[in-house]
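I'd like to ask some things about the structure below.
Chain nomenclature is as follows: A, B, C and D, assigned in order of appearance, with residue numbering initiated at 1 for each chain independently.
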């Protein structure tokens, strides 16, 4: 397919999306479900792509996502909850004077700052998470695959415990969680932030450093023999991934408007994992698409699994609360066992899809079909 | 091909936007959202509350808006007693076009979803969520029950009256209801000159309380105040007795639930709790009618024919919603919100009208104890 | 804190540790052979809890217990055959994801079948018999757990060192391929390992839940992870190590809760893990393995 | 020797009780092709691993272009009794990680091919030039280092072209035929711009024709890039064909050295190989 053609298609899609989003914005209440799905989906997409950078492209199996999202979420929340509402939020144990005065100061700043501040807060959240990542990354990244997994998983549990600890009541409001977090202006903004984050990760993956990451994924020994400093490059990947994971966490906080340590259980990490497994470990576009699909299915399309279903007076068995999640876990197992490359495997979505010739190629490959893994 | 599929599905995401169509009620039906936990640790209590609402819906199936009569349809969404799920559940209700939302049992989820309802300008009426934060700073959240500061004070007063000088408090981390009520009790109790000898916390889903109970035992309190979900209650009670703790165990409204007696058996004897409603003392005719009708309804739904207070509150929340709709004479969110601030209803748990925070002006609590495997009314406490 | 209080805590800790030890062994055995963290092991333990509830509903405990143990073993072997065996040659990550998937599935399945509400665990009156020794007060199970744990471990160690199957297991854990070439049937050895692990998990779950009185679909997850940490602490692949690890974690956890840091009781386990991995990756009794270049 | 770029003296490596390499002395001079041969398990690869920083020698010293890159002494690392000699001669513990060694100018290939299977031929080579990248990660990601990227790609293209792999440059490394994979691995090593190239059994499992291609390939590389080569090989015809000098080791000990002719009719070598060796 011609280059110009592709550009044209891309631009067209972009225009379509922007139009659709603005159209949706106006009629939010009518299409509330679609609206929320798109918003949450996009947020999870950022988390998924960030996880993919680490697990898919650098081959580091980390399960710390929930922890970093928690850091991002809490930093963003504490920075953006209106100072006037703070006492109400920390209603039991009161809020630390430091936060109160700092927020008082930020609120006194001019309007342009107020409008920019939420995004600044997201970035700060990311930076804090990146700092944590740098600190634990140095020791933890020396561990081999599954030890790394369990150690990062442990880290995220530690973060959660610290957040929930009564000792930190004045800062994190301990077990009561935070509320009245300002919301993301609108869908377009959400998409914009997500796009920027994902774009950066894509650029990184395509750069020489990205190639080095892949080399590490393919064969650490050989990569090191090619003069790639394992420790440093793993650290880069880990820190950057954590940064964006935290940004996603911050956005999640703004989407949910209220958070507590329970929001960031291991389950959250598994949700993101589910997304990248289905989308294809090692495919950015795969992650984005599957993030939207999985969220839509979870929150919307498959909800009916949880309600008793009656067709023509006959009550369909199996349909009751919890069935949806069973379906999801079965889906995950199916993908892992029979379809390990997921939606897109290592590949990326391109407009070439639309060319019949490629379908033929694909079919032939299927017939040749040796199973290969992401 | 795989890719094509992916693309197709991705596009499908947008289609519903244009398939859905306008959701305005033309067919003379209006939707009330039921925002309750039917699974998770508060699943049991949530269900009892839902029963109250369903029953109310059978008693008052329609509502007059201006001169048109609408059928009232209840749409239920399960918030799974989980703050994260609560947000999605709230969104589902709004998407379903709920005009007013009822619930939830458990303050945490109500607080979590509060902002969502406020954003969508859909008023919400909590039945039994007693934590102040539910309505505080949220114009769109109302509640028909009393608050934890009040409930805490009530129990503190009761404890002092009974001459319990030393108390231990056990609360659940991450649970606004438990932590909040515990804190309010603690404050009131100390103000009344009592001594808190031990203050312990446990985590959600924790089932082993031996360690904290051992500390409590060492502190030798006269009374243990342990507001918590009905899931944890029996474990707490049994393990306390197993460790040979003899102090009186007290808690808040959540504990008025048969499952505690079923699970804790004879260990549950002597447990003291405060609650909103007692079928032995109907506050008014509405209540009398309700007690009669609802008992039948319970039996019909093969439930024990003891009326749980939360069911009564569920009923009240429903009729309050209807009253507001009739008063407003329209289905616009802001108008309904305005109407609610002025509405006055005679509920089965007493007269209901809201103060500036959107809390029902209530100053009466019923204290009950468990005796021979039954909840027995002890006394009526009212604190000004 | 008075002496009797401390003693009471110690009792709680030891019995908790005993239960942990039994679960930890399952991890250590599977890891020793497949180099796989069986994320679902904790959920097997949870499932065993539910099996017990249903078994006890219709039959006395002397029949119920062996039945539950067998059912859990069956489930364990089934899981291995269905979710791990097909991935023998797949990259490490796929197998781990598969393990996570199984755990995810078991939890959701349990939520679906038994609802997330805690189910009261049947009481074995004998085990629940309460002893009063001066200030102390504890039920029989508190004492049985650690003793049983130690006995089972001794038995297992004997089995592994002196039986043919045990030898096969050691061979497989040393070198997969060579063992296969030596004519050892890898799959049956692995299944056997899973069976033993699950059996111990079942026993552990009976003791654990009898002490805690209720089961939820998620009551397996955290103990599972903790027991994996216990296994790592003791040196992955070493059975006595796993036992020691179990007791250490049981005791420290209880101590933390007792001192009022219940929030950190879980976190501590993972801090311990990270510390161990950094300073003695092979754990207390584990032996080193070098990667060939 | 005057112009020796790699100098190995009294090098020993002991695993547990086994002395894999025992006081080995070896020199490689500028522009030489030196072969290190010996029966399986003689400790050849262990020598490579010590030179490239995978292992730290139990005893002895390795210097590269006059700079000590690895040095060890028994007491520093092993509790067990050290079975080799020359104890007490060394007292410093010097070690470099493999990537440092590569940066110093020593590149290697592996006995069992270790390509980046899921990456294209081109990227396999291109990634080896990454170590020379100056720009930091952010400027690179944001495309501020285009010039360097361009340069790297040109170098890669040049190498691939030089070694005649351009037709396959966009295929996945794993899809190449065996012989080509060997070539690619060498190519990848060359992309790190080494002065000294270590080849670990480059001709293993090749048929005679492939082997000839390989020797031609190695020659070309050496001429074009001013390379010095140290290789481990079992295929005698290749060894005799391309190497200037040969070291023969058995059970970690040096048993013979010299030019191909000398080695060929050295009795020890013959005994070492006969009966023991199948190659």
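Going forward, contacts are C-beta pairs under 8 Å (C-beta built on N, C-alpha and C of every residue); 3 or more make two chains touch, one makes a residue touch a chain.
A quick note: this is a predicted structure, and the numbers were derived from the prediction, not measured.
> Report the chain whose mean Cα position is at the greatest distance from that of subunit A.
D
> If I average the C-alpha coordinates per chain and also across every protein chain shown, which chain's average lies closest to the global one?
Central chain: A.
> Between B-C and A-C, which chain pair is linked by the larger number of C-beta contacts?
Between the two chain pairs, A-C has more contacting C-beta pairs.
> Taking the mean of the C-alpha atoms as each chain's centre, how many Å separate subunit B from subunit C?
Roughly 38 Å separates the two chain centres.
> Using the average of all C-alpha atoms in each chain as its centre, how far is it in Å between subunit A and subunit B?
Distance between chain centres, rounded to whole Å: 33 Å.
> Report the inter-centroid distance (CA atoms only) between subunit C and subunit D in whole Å.
Roughly 47 Å, centre to centre.
> Where in subunit A do residues touch two or more other chains at once?
Those would be 164, 166, 221, 321-322.
> If a residue has to touch 2 or more other chains to count, which residues of subunit D qualify?
As it turns out, subunit D has residues touching two or more other chains at 54, 110.
> Where does subunit C touch two or more other chains at once, residue-wise?
Touching at least two other chains: 111, 115-116, 263, 266, 293.
> Considering the complex alone, what residue numbers of subunit B touch subunit C?
Subunit B reaches subunit C through residues 39-41, 43-44, 80, 173, 200-203, 205-208, 210-212, 214-215, 217-218, 231-232, 234-235, 238-239, 242-244, 263.
> Enumerate the contact residues on subunit A facing subunit C in the complex.
For this pair, the touching residues of subunit A are 55, 59, 61, 136, 139-140, 143, 145-147, 149-151, 153-155, 157-158, 160-162, 164-166, 221, 266, 270, 273-274, 277, 281, 320-323, 325-326, 328-330, 332-333, 336-337, 340, 373-374.
> Quick check: in the complex, which residue numbers of subunit C touch subunit B?
Residues 1-2, 5, 8-9, 12, 16, 111, 115-118, 120, 130, 132, 137-139, 211-214, 216, 218-219, 222, 254, 257-258, 260, 262-263, 265-266 of subunit C touch subunit B in their complex.
> Which residues, counting only subunit B, touch subunit A once they are in their complex?
Per the touch definition, subunit B meets subunit A at residues 1-7, 9-10, 13-14, 16-17, 20, 22-23, 38-39, 78, 82-84, 87-88, 91-92, 94-95, 108, 111-116, 119-120, 132-133, 136-137, 172-176, 179-180, 183, 201, 203-204.
> Enumerate the contact residues on subunit C facing subunit A in the complex.
35-37, 83, 86-87, 90-94, 96-98, 100-102, 104-105, 107-109, 111-112, 115-116, 221, 225, 228-229, 232, 261, 263-264, 266-267, 269-271, 273-274, 277-278, 281, 291, 293
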